[in-house]
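We call the chains A, B, C and D, going by the order they appear; numbering starts again at 1 in every chain.
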Amino acid sequence: MLDQKFSIFEFYESKVRSYCRDFPVKIHRAKGSVIHSVENYSYIDFFSGAGALNYGHNCEPLKKKLMAYLDDDGVTHSLDFYTEAKEDFIKTFQEKILIPRNMRYKVQFTGPTGTNAVEAALKLARKVTKRTNVIAFSNAFHGMSLGSLAATSNPKKRQGAGVSLGGVTFMPYERYLGEHYDSLDFIDQMLKPGGGIEAPAAFLIETIQGEGGLRCVSANWLQRLQALAREHGALLIIDDIQSGCGRSGRFFSFEEMDVAPDIICLSKSLSGYGLPFSMNLINPDFDIWEPGEHNGTFRGNNLAFVTAKAAVEEFWSEPVFEQALHQKIGYLHVRLEALAERTRLLVPEAHFLGRGFMCGISVGSEDIASKISQAAFSAGLIVETCGVHGQVVKLLPALTIELDILAQGLDILETAFDQVLGFYSYCEEKTA
Amino acid sequence: MLDQKFSIFEFYESKVRSYCRDFPVKIHRAKGSVIHSVENYSYIDFFSGAGALNYGHNCEPLKKKLMAYLDDDGVTHSLDFYTEAKEDFIKTFQEKILIPRNMRYKVQFTGPTGTNAVEAALKLARKVTKRTNVIAFSNAFHGMSLGSLAATSNPKKRQGAGVSLGGVTFMPYERYLGEHYDSLDFIDQMLKPGGGIEAPAAFLIETIQGEGGLRCVSANWLQRLQALAREHGALLIIDDIQSGCGRSGRFFSFEEMDVAPDIICLSKSLSGYGLPFSMNLINPDFDIWEPGEHNGTFRGNNLAFVTAKAAVEEFWSEPVFEQALHQKIGYLHVRLEALAERTRLLVPEAHFLGRGFMCGISVGSEDIASKISQAAFSAGLIVETCGVHGQVVKLLPALTIELDILAQGLDILETAFDQVLGFYSYCEEKTA
Amino acid sequence: MLDQKFSIFEFYESKVRSYCRDFPVKIHRAKGSVIHSVENYSYIDFFSGAGALNYGHNCEPLKKKLMAYLDDDGVTHSLDFYTEAKEDFIKTFQEKILIPRNMRYKVQFTGPTGTNAVEAALKLARKVTKRTNVIAFSNAFHGMSLGSLAATSNPKKRQGAGVSLGGVTFMPYERYLGEHYDSLDFIDQMLKPGGGIEAPAAFLIETIQGEGGLRCVSANWLQRLQALAREHGALLIIDDIQSGCGRSGRFFSFEEMDVAPDIICLSKSLSGYGLPFSMNLINPDFDIWEPGEHNGTFRGNNLAFVTAKAAVEEFWSEPVFEQALHQKIGYLHVRLEALAERTRLLVPEAHFLGRGFMCGISVGSEDIASKISQAAFSAGLIVETCGVHGQVVKLLPALTIELDILAQGLDILETAFDQVLGFYSYCEEKTA
Amino acid sequence: MLDQKFSIFEFYESKVRSYCRDFPVKIHRAKGSVIHSVENYSYIDFFSGAGALNYGHNCEPLKKKLMAYLDDDGVTHSLDFYTEAKEDFIKTFQEKILIPRNMRYKVQFTGPTGTNAVEAALKLARKVTKRTNVIAFSNAFHGMSLGSLAATSNPKKRQGAGVSLGGVTFMPYERYLGEHYDSLDFIDQMLKPGGGIEAPAAFLIETIQGEGGLRCVSANWLQRLQALAREHGALLIIDDIQSGCGRSGRFFSFEEMDVAPDIICLSKSLSGYGLPFSMNLINPDFDIWEPGEHNGTFRGNNLAFVTAKAAVEEFWSEPVFEQALHQKIGYLHVRLEALAERTRLLVPEAHFLGRGFMCGISVGSEDIASKISQAAFSAGLIVETCGVHGQVVKLLPALTIELDILAQGLDILETAFDQVLGFYSYCEEKTA
């Protein structure tokens, strides 16, 4: 069943490839929220590189800075040498992002992947506390190298490790035990002596679970989690890799939650241009690293410093970007809530999920969600599914998406819902 | 002791930073084998981004392709979607690199770091063999995330894990036990029932040890290792991350050794431009990955596809590049051998080490090596040290270095040796 | 502070010794429920060798059989050779214990300690299911060798391992989360995909927690746990080491609970004479051991076979022993309930705990419990404390105790309560 | 293929039973070095309960003390309470065994199995050094619970664990690498920084390998191992469980080797009567246990205290027993050397192995060894095989064996060798 068009990949690329199986298109160019295939089909992008393209593809102001830097032979690769590009980025990030939010953190440039940032955060938490156990949460996803995979809940992904993954205890995320039981009471109880859980080095949590199905924590729950961490002498690490950099409507996903995590992991959209780049923000009191104790060849990506600085300046220096974003979020939520409402006529458990520009609809089954995604793709929209059962249609539009393209994408999505659900409804009638 | 010049870093960047401590300079621009500081000092670069810049900084033909791609809004970030850039790279790599060498491999684009490539290779070997134990070697370095760190021998780096690192057994590298004992006999004996070593999933080896002090395997030893792996039903994985992409004088470090590794890990200079990029070459018989079983946000770096293709075309399509390289290698080795010879007058154990453009001189102690590196730096040359005791002065010049710059760098190095050794000799006389 | 009397121990025996610190007496002889010291003090024994002496010290009918066997030079030590003594025991145990209860099990004689029985049970469960994870429970105690220690919740005992203890996930025991939340709902939820808990090989549980503070499971909860185990393809292992052999009022602690565990661990009172002896009962469908796959020098203790057979014949062949036991249990519970009631006047949270002849009173704090135990000891009664905070006064009288000695022991205990609580009450008045 | 005679076992006892498969006899009585079956066949015992019966079965002087103690209702089971029997044993052991040998040790009574003694020793070494890695040796056997199994080399037994066994690194035993390479040089080299082996908490070694095929260490090698341990800040633990208590010809197997192990594990013949009993001797400087940090129900076996004391008094108070033993050893070795010599006519690699009364002949293959053991059994001699390939006929006669019975057993053994080798020789002629 080789498709001639993709034969190079099918013949030469490992079977591990996955997204290309759901979206069989060969991409050529991309700009803003639109992707163009080699055959010149175009697709509205509600996926944004799994959250790595919050400012859209090839964002113009960033591109200009990037090309100027390249043109000038600015240093590209430099490990952790001091560079002008790095200095400029750190200054801008402190001045425009951290200081205005009263956040006092040092930065660590880890290997340029999210999983590496998480690995570094866990190493540091274990070093600080001299403990090994880390508390992660149901439906968590933190990466695929052994250290972060140990904190990822998905059974298939874990099995891929081929070794036993230790040092992590899973606890229920907010509302994982249902509405009637406060999962934090449970955690509190299990951490008492006799509960059998070893004293934790850290609590590692996503405020919005990306892979895990768009569940969110509330401010109150997160504050109580932080209090629990403090009580047990454990660090609070927030993995803001997908939910950060504006995805939630604020730069940090927990900005209005009145918490002060000890480590914050950033990656994905941090460079603003889809360049591999990661950074941990560390409470200076816990910066007890020895020089080189965690390292990696690509830990200083100067091209990313340039675009990341440009992104901060372009979007986060003035309130106007956030204001516009909130309006778009409002519009998106209204339409998704309505769509969820309509879906409930056929799928009673359907409901809206998520926060900000990281939201979607649970449609009850992987089969329906996947059919909707496929129908949307056929009509020119890229939108993925998530959740432990793949039951959630998940939207990650660029924060910079034009309102009309957002509307157009949502129109396609609605039609896809109608098609798929109409088909289901037809089948049900037939068998009734 | 804050240096005003670097205060931003000292105040805001984590203590984990390391190279910048040995080479306190703020880099601005770089071209070919020369780096320029903000204050417009220039440095000859014998370090090449720890081997990530085999074609020098901002290599012009690659830069042109990269800027054209950016200018055209070619897709930058696309996970493992099919893209034209990826297809072009795969085709070129197969046609120009693998097929002419009779190498039949599929490619897997792992997360864009060397450590991630190693993690993926180990996962796959464990999946294929349904075993967990991996044999790694004395002085090995394979990365800093928990899976690859478990195969890294350095005690300090291991301790940084904060958890026990299992699933790996260390065995002596060729000549690690000295000239009079064949370490492979030992490995063979220890793998017999009763030796206590669990049946291995894989042997993971660097043909030239980068961090470990420039030890090399011989063709015969590597062939016997491969035979031993086959005998035990284990895979042979070659970590060619630092030693590959021409560093040894051939594209692959093991090219003339008549072996057929089951997995080959490439990264560092693969993109040719210092962009984060990694790839595993997998014997197609062992490509039993499930879709998405190993993944990562930055696993498809289109900018790197573009420059990596350009690098292959520019340097590896015709024999001329390799021929010129071999001449330069000849020149470099002659001068280093002579320098080692001279050094032996004062440091009897001093000797030349390494292969190709990955070579150096063991000068007996960390103190001497480090002083030489510092003296060279003061005179405008960047050259690092390596080895378990830091006793090796290690040269990684760009493969594209102009002969006169190479000569100039070596002149500086010789002077640095003389200064430092003269000083030592003076001290010895004084105390005699 | 050497006590001359104990100087040999203080000088030559490791500091690891513990009970002797709370009960500093040098024992000489013991019979039934009375212990005699070297100085000829006597103590009523409510401790019974931590449950290893259910039939009292040197139980006469067992002693006769044991001495006759020794006198006749019956084989003492024979590993897992066939012996007449072993055959006789197996036959008797099947005929008098298992068959009348409709229990179909094979027997495995593990190393003669409880911890070894648990190790063997876990090995077998992992072998049967090809999984590694075992679910153990809050406040569990299963032994001190690394396999069973991993399933023991006590933090200090775990820390003694000196290595990380993996392969076990702790879950809340019945009512561990309080009265308002069903811990089994929680377990069920956490075992769903996404909960992050790996599929379990087994659930390992004590029906009455000995070390853990005399918590008990209800029949209904245990049945549901068994159903959950079946649903997940996991084995149910009951550790009846302390709670078995009549301690609960029936031979097995779960006899009237309508469950069919896949493996049952027995030890402690199994020999009936305090001899080291352990046995696992295994559902024959799961007896997939290879010969010698688990072994140990003392796995066939013929002296124990002789006394264990005698114990079964003497006490479990006719219903009369159980009937008398139930009367004693009734008496004991009435008196303890009354004592708990009275204690509540001063310690509001005091309450009766446990089942059968494995019961006690939670007195709110380690300090009170320990003072009561000491006061009782001074008055000639040996009674220990347990619970994660040491807050429970725990009674384990011999099942064969004479009613008047039981009464006498309880009198001493009441007096000890009064003394200690009177003292507390006095202190409170003083400070009020 | 049920044998009616053994049907109870075949029907009701787990398949894990092993020795009874090789020696299908139902034992009834045993005295000294002779075992009697139910059908009144008798067997000379060259197996001695795998070394647990160094003084033969039901040794009369010990039996008398045991029966007197039982008759007097001496306390049987008492955990780690102080008892008169324990005090008497400690005093006697110090006075008669340790003090005359200038050995300064405290005693710890672990759970009454060898594996438990090893578990306790490893815990303590890890606690003392705050390290986890333990060096064990090729062909080592230390027990079957997870902690000691991790230090056991046999692959099948390890696989039985069902979990990964970490925290132990295997190194080559003396001469394991052949005559031409000193395995200690290798160990030394691998422990250097860069070797990848984590700093060890302890070296754990058997001076004569029981399961592993009767290899022995020399005094010089063991001294150097001790020096290496001291150099690396690691403890030296000698597992003298099988080789101790006189088996080597001296009470301790290393007595004349001029070493001072930090911990010595004793079990098997320590009670002298085949009773479950274990003890660790601990350098007092390292006795840093917390009370109860390692415990176990049967850790104080008073019956064993009584017989162990009697054994020390009977056999080790005067030199006469040792002198007689050395004569018997001389006789045994002469005959075995001759038998090995004769065997070499047919099996060139045949050779004598072992030390003292723990010796045997390697006959080249499991098939021959097993046939010899079976032929001997048919003729009334119980003798087992060992070694990683089961290629060694292993003799463990009682130290108290009468010379005529020893001679008679050796006659049977010679005949068995002749039968089996004659048969092989006949087969070879036929096929020639």
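The rule is short, and it goes like this: a residue touches a chain if its C-beta (ideal position, glycine included) is under 8 Å from a C-beta of that chain, and two chains touch if they have at least 3 such contacts.
Here is each chain with its UniProt name: A, B, C, D = Diaminobutyrate--2-oxoglutarate transaminase.
It should be emphasised that the depicted structure is a prediction, and the values quoted were computed from it without experimental measurement.
Chains making contact with chain A as well as with chain C: B, D.
Comparing mean CA positions across the assembly, the chain most remote from chain C is B. More C-beta pairs touch across one of B-C and C-D than the other; that pair is C-D. If you average the Cα atoms of chain B and of chain C, the two centres end up 59 Å apart. Note: centroid distance chain B to chain D, computed from Cα atoms, is 50 Å.
Between the Cα centres of chain C and chain D there is a gap of 31 Å.
Looking at chain B, one finds that residues 132, 163-164, 166-167 touch two or more other chains. Contact residues of chain A toward chain C in the complex are 132, 136-140, 152-155, 158, 164, 166-170, 172, 176-178, 181, 185-186, 189-190, 192-199, 212-213, 388-389. Residue ranges on chain C touching chain B, taken from their complex, read 163-164. Those residues of chain B that touch chain A in the complex are listed here as 6, 8-9, 12-21, 23-31, 35, 38, 49-53, 57-58, 63, 66-67, 70-84, 86-87, 90-91, 94, 106-109, 111-116, 119, 122-123, 125-127, 132, 143-148, 150, 156-157, 160-164, 166-167, 201, 267-268, 273-276, 280, 282, 287-298, 301, 303.
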